[in-house]
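Input: structures, listed below.
Two complexes follow with chain A in common, the first pairing it with chain B and the second with chain C.
Coming up: the complex of A and B.
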């Protein structure tokens, strides 16, 4: 019994030691390496003002009230009922993508951008005009290496340079 | 408050000492444990819950039906699919919608991927609580390939919001089965390493074997669900007792153990990872072709969206989803999540919001176990028992 236990101890230590000599396996060295995300990743949202029909379905379906319909800053002369367009508040957005799924004209789409930081609360609220310019680009100290994540039998995940 | 004062005064003979564990950690998470100790022996332990109560049930009453999907995912972040699925099943029963077979299989696929990484989460936390940080690092690392798979399927890492009334939001990518197979082989190999490093490790066995024994009768009487119940020898699994999605067509075993101690609860989880891998392989093999979105809602889509759906197999919501109305009535659905049975009950008065919404999470049922199991044990056994329950405070507090 005691001998068996000694072997169990040794086996446990040996198993741990085996991984001492393997290179770091799963860690993605962010921000030096950045994942090249596939299409369909639910990142920050892009908005096409040209095709938007102002149906406000996105604002209605938004579970976090992140999308609101805004009146244009300057209402054209003689327009009695100016159209409202969507703007987004990224302090509230939960990236569920319901707005993208419900948009009937494909005006809202996901980008793969997700790692952006802001200094103030107000910066994160995008009115329709700013929303149409697209999400801000992430700022890296130096240009990161883009890697593709590939499931691997040996290592779980493997990172391959794009 | 008065209750606490009482406790202190009762032990005024100086024999017992009140020991507060948490809420700022020793591995307690967002919860406080009030332990009464006699030297090194815990006389009684009272969990003090509610630190992360977020009022999910009340918020649900002012949210529209579709908006509740992300909301119910929030309480249990490691096991979002179970809540998502339970809610949508209940809603579909109200709406009278039946999802197509392929959608059922895709739901099962995601639920099982989620179950594996939820169990790894539990194993990792359990490991670090009893001082094996290697197990913690390994388990959290090995969650990653599974989270990556789920991300390929749904577009998000944790909060999938993948299951919607009438089906799922997108079909799996064509090369998905190959990737799943690779990850499963990797997990299989890793489980052998876990066996050597952790399961058969004498230190771990000394900490867990015979600790916190839950008897079969007590488990039933206290209403415990999930792996904690099965570790006490009760072969109860909602997937078998009340089958949903593709589970009736799938062949799998309910893992049980007779011991009922912390080690048994841990080993049931490991066994369930193996069973989930079996289920995933069967699901991928038996996956039928066909639509992934119910005919009822598909018909409501305008022609350009129908075309998009046919080409990309990505579901666009019909406009009705923004203000979905459920007919008056009530419905209930239950699902076997990673931690146990999730029950969701909806009362609708025919409007856009539920009149009453109830969510019973497995962790809440498991909370009573602390009081029951942590009696006449050593202080050092508290984390060993706590970790073995895979208790998740936000899920219990809701």
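Coming up: the complex of A and C.
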């Protein structure tokens, strides 16, 4: 019994020692290496203003109340009941993709962009006009290496250059 | 110039100032914390510190951290006992480093040569935990108080077996002088004569410097930073460094009384005598490496489990190790 416990300790230490010299690591060296994201990745939302029919379904379904319908900034002349169009608040969005699924005209799509930072809270609220311009592009110092994640039986994950 | 060099090479200056004292202790402090983070990272398939001097794997990360500690604002909370809060870390750091003066750096190369140097060292080691408790009390914070109490419990747990296992070696060599203890190991290292004391002492190093699996007083995931919760800036640097300094002192002591000190001594290190300290230092580094390696392997014991290990296992084993020493002495001694 006690002897077994001693062996357990030794086994734990041996495992640690083994991993100390095992070369490959799981860290993705992020700004230098960037993951090549698969199709269907739920990143920030792109919005096509041309095809949107202002049906409000996206705002209705959004579980986080991230999408709101906005009146246009300047209402065109003679327009009695101007249409409302969706804007998004990225401080609330949980990237669930419900809005993308429900949009009858496929005006909302996921991009693969997710690594963007903002200085202020207000910058993260996109009115329909800015929403239509698409999410901001991430800025890298130098062009990152694209890698793909491969499941590995022994280590769990492995990265492979694309 | 030569006079100055001669002066520095006097043992009573060399030992407190160069090795094993201030300079080496400081370099070890910078190196060991980096190594700890790096080793834990490697075992967990990460990189650890990397971007400060990337070609050397972030080796000067700790210098960057030190600068940050130095220039960060030390916040002194409103409700703390100011005098205690400021002075306890300074005294704690000083006392953790103080025992180095008793350690010999080579054969006959001691700052304080005393027949009782082992006892002096053990006595000096007991002073610093008191200040951990004092600063925990002075912080006026629940986490600090809990951490300080845990430290107090652990002190009562580890100190008795620590002394017993160190003194069992004194029984074995028939002396309390560390230099004489090393000389007695010229042929056979203490670890082979009394492996029981060696194992007990190694575990107690882990407990007394709160390394994993006994990192109970600080327990980041439970009580923030234990006794040191309220500290920031350079004060935090001091209190954190203190436990590593203690590890450094205990590792050197371990190298001296269990791993043969400067024996086997290669001929190119024999003259001048302080060069023998390199052997002691290398052995001490191995012990420090073992102590920090545990972080990557073990989770943390609960306080009651640690105390149980101390009183139920380590105290009887330490007493047994004294009998083992007596047996070895009876069978012929060293």
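We adopt the following convention: the second predicted complex is superposed on the first by the 155 of 162 C-alpha atoms of A that agree within 3 Å, B and C clash if a C-alpha of one lies under 4 Å from a C-alpha of the other, contacts with A are read in each partner's own complex, and residues count from 1 in each chain.
Please note the rule applied: contacts are C-beta pairs under 8 Å (C-beta built on N, C-alpha and C of every residue); 3 or more make two chains touch, one makes a residue touch a chain.
None of these values were measured; they are calculated from a predicted model.
**Q** Check the contacts made with chain A and report whether chain B or chain C touches more of its residues.
**A** Of chain B and chain C, B contacts more residues of chain A.
**Q** Of the partners chain B and chain C, which touch A:69 in the superposed model: first, second, both, neither?
**A** neither
**Q** Looking at the overlay, does A:113 come into contact with chain B only (first), chain C only (second), both, or neither?
**A** neither
**Q** On the A-aligned overlay, A:20 touches which partner chain: chain B = first, chain C = second, or both, or neither?
**A** second
**Q** Just to be sure I read the superposition right, which of the two partners does A:8 touch: chain B = first, chain C = second, or both, or neither?
**A** Touch status of A:8: first partner only.
**Q** By the touch definition at the top of the document, which applies to A:149: first (chain B), second (chain C), both, or neither?
**A** first
**Q** Of the residues on chain A, which ones does chain B touch that chain C also touches?
**A** Chain A residues touching both partners: 12, 15-16, 25-26, 155.
**Q** What residues on chain B touch chain A, complex-wise?
**A** 63-64, 66-71, 134, 141-142, 144-145, 148-149, 151-152, 154-156, 159, 161, 169-170, 173, 179-180, 182-183, 185-186, 189-190, 193, 196-198, 200-203, 302, 304-305, 308, 314-317, 319, 321-323
**Q** Going by the contact rule at the top, pick out the chain A residues touching chain B in the complex.
**A** It comes out as residues 5, 8-9, 11-12, 14-16, 25-26, 38, 40-42, 55, 57, 60-64, 94-98, 101-104, 106, 110, 149, 151-157.
**Q** For a test of understanding, state which residues of chain A touch chain C in their complex under the given definition.
**A** It is residues 12-13, 15-17, 19-20, 22, 24-27, 155 of chain A that touch chain C.
**Q** Any idea which chain C residues touch chain A in the complex?
**A** 39, 42-47, 293, 296-298
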